[in-house]
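Just dropping this structure here.
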């Protein structure tokens, strides 16, 4: 009896496997060649510059200022943390990459193209980003499909594979991790589907396989914020020989962890040598843990602490401000990366000195726009940055209502 | 499985399909039925589900969690819990890739696997010898591993590049046999070995004995401490292997790559029918459960649903399974010890009325 | 029979000594940390450790954790490990309260409490009545409530001051976390202390506490003593859900946003505090005062490490090691007392 | 007996074992010949079980020397003990519930074919073993699906299957029916004739006389004496066990039987027992006799409200109790001392006072405050009344000896000031001294006007205590016997007879 059961089970398994062998991958959908020229013409006529983000700012803007690229040192990792060139590979990824096996633009217009956008995970920021992307996609009449792997790398890999299987005209992807992006990029590249990275910078090597990258220059932005930060500390503490600061860091493991602490660190080493880094800690994105951290810092450093640089302008900034209020320390300058409603509210009431302007909608919109430009046959640079701006109390009102 | 044959054989002998027996059989085949239902449903309705490319994708994706589930199921069969599996996967992956730069995979991978086994050894000793509850111990090691992983990497993910490394990545990912890339083949090999080991070897059956009744096992001359420690070592080792393979395929290791695996594997193991009380369950069931969940997730993506649907469905399935099991044992408890004679008597009395 | 059995009196003495040690054990560890802090301070390695301000900071920082831990301790005490649905309960009650703020402050609070209690009741019934495994069930519950949040609010986070234009309820809501008595003692701290006192009273001085103790130590015996064990277990889960709801309100008030990610990590952190505080997962042992001690030890540990300037990465390693060490010592002490139940 | 020719199978010289709080075995010499059945008797806590656990390798810190077949051995783990051919049948069932019978039977020695387990052989070998104890079960069923007495037989078969040369049986008959006991004795006789050395631990002296060749008596962790069974009387053994003489027979006091206190009418729990009618009067001790599985405990559990009745009513002092939970019934003075003291009776991890007061928690409430202190004098008084040792309220219940645990359990139910007390096996597995205390207490309770319902498999106990005995069989009351009709023989006969009232 047992044997029979085993045989039946085995037969079923074999049957399934056999069936699968005959099942074939979906064939690529042929590009319609007939109306290509007409489509291109119509596509080029679409004007996306009139689109506005939810905060009333223009949706699509390019950064006007392009950084000067220094030459890469032989071994950046051997340099001290305070040397800006130590972070060369992270900061300047994409600027000087050697593109390999990039598909040529069909130059048949963006209208009607199927685009898959793979983000990193569900978050209010992502929602805003998707909204921006949709606005541009609608303007071009593109078929935009947005996939979210919920911060799971394995799922993102799977989604890339599924997208390859689906054979869209373009893939837009926020790499969950800068380094794993290499394999992701190679995979898509080998399948012949054009793709663009956006928002998060992958490593330089991954950029070789992508058409281009769009998004915020996190390092550059942080360097800017650091200067504003140092200026304000100097203003509040005229003639001080030492300005002690501490960093509340982003979660380890991603580029923001480095960009938002070592970016300002290396910038300030040159710009304001009197600024001394007292401590760096990554308490995560919980207000109460950040609060304890900052309270402990106040105990430990007392009046030496003049400023705090935070990687997040919502929960982390809230925790910092709470701790400062409790200790009655309104002399400390706090700046934070990000552009959330909570951060903007705190800039408005003066407890937070400055935050960065980082348009979420614009981020998604620029990615889609760049895709459209590629379909339209435009020459594309190796990367396209969204504009940088530091929001302070003076102009915070211009950025309401917040995008998320 | 042998219980399953027992019921099946009993049915064959009597040559009639008794309703309650059929239900019992359905209960035992539960996870396989679930698998079949999901597979057929998705094949029929989900766009681009039933083609070799997508199925390969599913198999590749499932490889990591299926491999982790192998060892974890053994820990569960022993009646223990291992919350450190996800972090162990990350830890081992990070070690393998960091050391690769100096020594190459040939040396770094064995070291990383050993490091994983070391975590298991630590867990096992704390549980078996110091006699701390495994739930507590593994919360502790989970925290330590996180710190260790960060320390090793300095807070950045680790990546490799170069043709050699990429060649290995590509080799692992490209189908060798139809639909089956080496990484999947390796996983299948692990599954077969573990299944045979756990269900058919003396040593494997001892896991069930220890989980079923530790005292009995001890009195029967089984070294229960050693069995428990082995279970934890296997769990951590397989988690490490899974992490390393994943990292080798991506040529990179991130600092939270294993975090999502923990709850995934725990849910799948439970849905597969391995009880937390120990002594019950099986390797194959866990693997099939992981596969079923993965097909379900793939389906939600292919249908274009968001993550909320995915989270909700997995919660619902887990909740239903737990509820069903709890309710079944509740019913069983209510009727255990009922005398058939008296029930017949009752039925007769009712007939008279 | 009468006095003829040989008794090793030394053993009896250790028994009493160990009992004393185990009841104050966690405070001994807390004292050890304070002494360590003072020694480090006198050596000039850290400064301002033994100041009112620093001590207040420590208790302030762990107030939210304490609130969750006090409630969850009832579950541990009843022999049912922990409530892994605590983080999503925090998120769900928080987001519901913000959503209901449009109807005023009281409806917001009531709404959150009702939602929290519903989760507690469901957990209580399924685990108490049907004897589902608490870890797995609360895990499933957390998935389901996370699914609910994601369904209803998609991926939005909602802000009190956007939900309603009336500044008054927003101000009240903002002050759940921020209100300070005499400008020094924060409301969550008061809530935590009140919960500790009430919790300790319930656990040690009420019939419910005594019955819960019996339920936790020997469930079947409790049933055969006429105790409604199903109700006791359900109540433990409801109490836990209730204090988690309070924490949810406070956390949401602090972060000024209702979102699905609020409260992440509070499950394992609460278990850590409870277990360090001397409660064993076997149930029926420990006290709420002990849990408070455990919570304070966590606060002290974090404080000293930050004052020392220990990096984030090393902090995790030290934290995990100390956790295992404390629990291991506790297990060993209990075993030397003949209580093999850590 | 001629077994001495076969030589000493086991010799223990000056062995000892100390627990954290007590000395369990103190310098004991013990010898067993091959081919003899050696009974080991003594009160609970005398050290019998500890001595035998030592033999089975449960301790690695015993003192003294153990010789097996004249070879000195160190039995520091169960596997070492097993390798010397020591098999032990434990008092508490030591089977893994979720695992199949076959794997339980063959634990640690599953038949193998190459690397893997030979399933066919496993099944056939299990069937063979089950047959030796007269069971015909599917070996692939899990233990949780078979009954308790079947499990007990499986346990015996499991140990026999290891072909031990020294077999220790610790109270093997406690869960068995009379027929099964007879069958077990036949098996024992067969094994002895094959030259096996058997140690038989029992409280049941008639069994000892029936089965043993020699008997060793232990008291207070020490050996008192070893005698040939033919050269000793039951009274002498009891004297040695207790250290003082006990009148085993005594006259019964006449009690006043008053108003009915507990009335049960047409009570049914379908599938367990049907149509039970019962009247229990003040001052009366009513016995329920029946084989295990007759539905006795289930009946008690329904009367006291742990389980719900499907039909019928229960009246206490004329007031119906239907629908009341157990707690309310306890408050009204209805108590149920359950059969399994370790799982259902006591919280072994808690202190004695917690245990004694566990059923009166609602009574000690003052407002919302639970005043444990106010219950302590009562608890102390009960401890003295029942002479529970040590009289230390803070002592953990699990550290007490079996007899003291059982007395503690009785104290718990006396603490509720019961009017009606249902006692389920009140003296199971308890030594003679404790048993006597328990019996005297029961009689005193009845004398004070309480009504007592005793469920017992211990026939002498029923004969001694009960005013009337109801025979229960397969879920029905089949006969009511008056005190004058009761004898061990008549009860046994009635319990095995298929008659309906």
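Going in written order, the chains are labelled A, B, C and D, and every chain counts its residues from 1.
Operating definition for what follows: a contact is a pair of C-beta atoms (placed from the backbone, for glycine too) under 8 Å apart; a residue touches a chain by one contact, two chains touch by 3 or more.
The structure presented is a predicted model; accordingly, all values stated were derived computationally and were not measured.
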Query: Between subunit A and subunit B, which partner chains are common?
result: C
Taking each chain's C-alpha mean as its centre, the one farthest from subunit C: D
Task: Can you check how far apart subunit B and subunit C are, centre to centre, with Cα atoms defining each centre and the answer in Å?
output: 30
Inter-chain centre distance, subunit C versus subunit D - centres from mean C-alpha coordinates, in Å: 42
- prompt: Between subunit A and subunit D, what is the gap in Å from one C-alpha centre to the other?
  reply: 71
Message: From the mean C-alpha coordinate of subunit B to that of subunit D, what's the distance rounded to whole Å?
response: 42
Message: Multi-chain contacts only, two chains or more: what residues does subunit B have there?
response: 5, 150, 155, 275, 277, 306-307
Field: Junction residues of subunit C, two or more chains touched
entry: 150, 154, 282, 312-313
- request: Check each residue of subunit A and list the ones that touch at least two other chains.
  value: 122, 252, 282
Pairwise chain contacts, counting only pairs that touch as defined: A-B, A-C, B-C, B-D, C-D
Statement: So, in the complex, the side of subunit A touching subunit C is made of residues 122-124, 126-127, 249, 252, 279-289, 291-293, 295-300, 302, 314-315, 318-319, 322-323, 326-327, 341-342, 345, 404
Query: Which residues of subunit C touch subunit A in their complex?
result: 46-49, 51, 53-54, 57-58, 60-62, 64-65, 150, 154-157, 159, 161-162, 177-178, 186, 251, 254-257, 259-261, 264-265, 299, 302-303, 306-307, 309, 311-313
Field: Partner subunit B, residues of subunit C touching it in the complex
entry: 81-82, 126, 129-133, 135-137, 139-144, 146-148, 150-151, 154, 268, 271-272, 275, 280-282, 312-321, 323-324, 327-328, 331-332, 335, 340, 342
In the complex with subunit B, residue positions of subunit A that touch it: 1-2, 5, 20-21, 23-26, 122, 145, 147-148, 150-155, 157-159, 161-162, 164-166, 176-180, 182-184, 186-187, 203, 205, 252-254, 257-258, 282
Query: Which positions of subunit B touch subunit D when the two form their complex?
result: 2-3, 5-6, 10, 196, 200-202, 205-206, 208-209, 211-213, 215-223, 275, 277-280, 335, 337-339, 341-343, 345-346
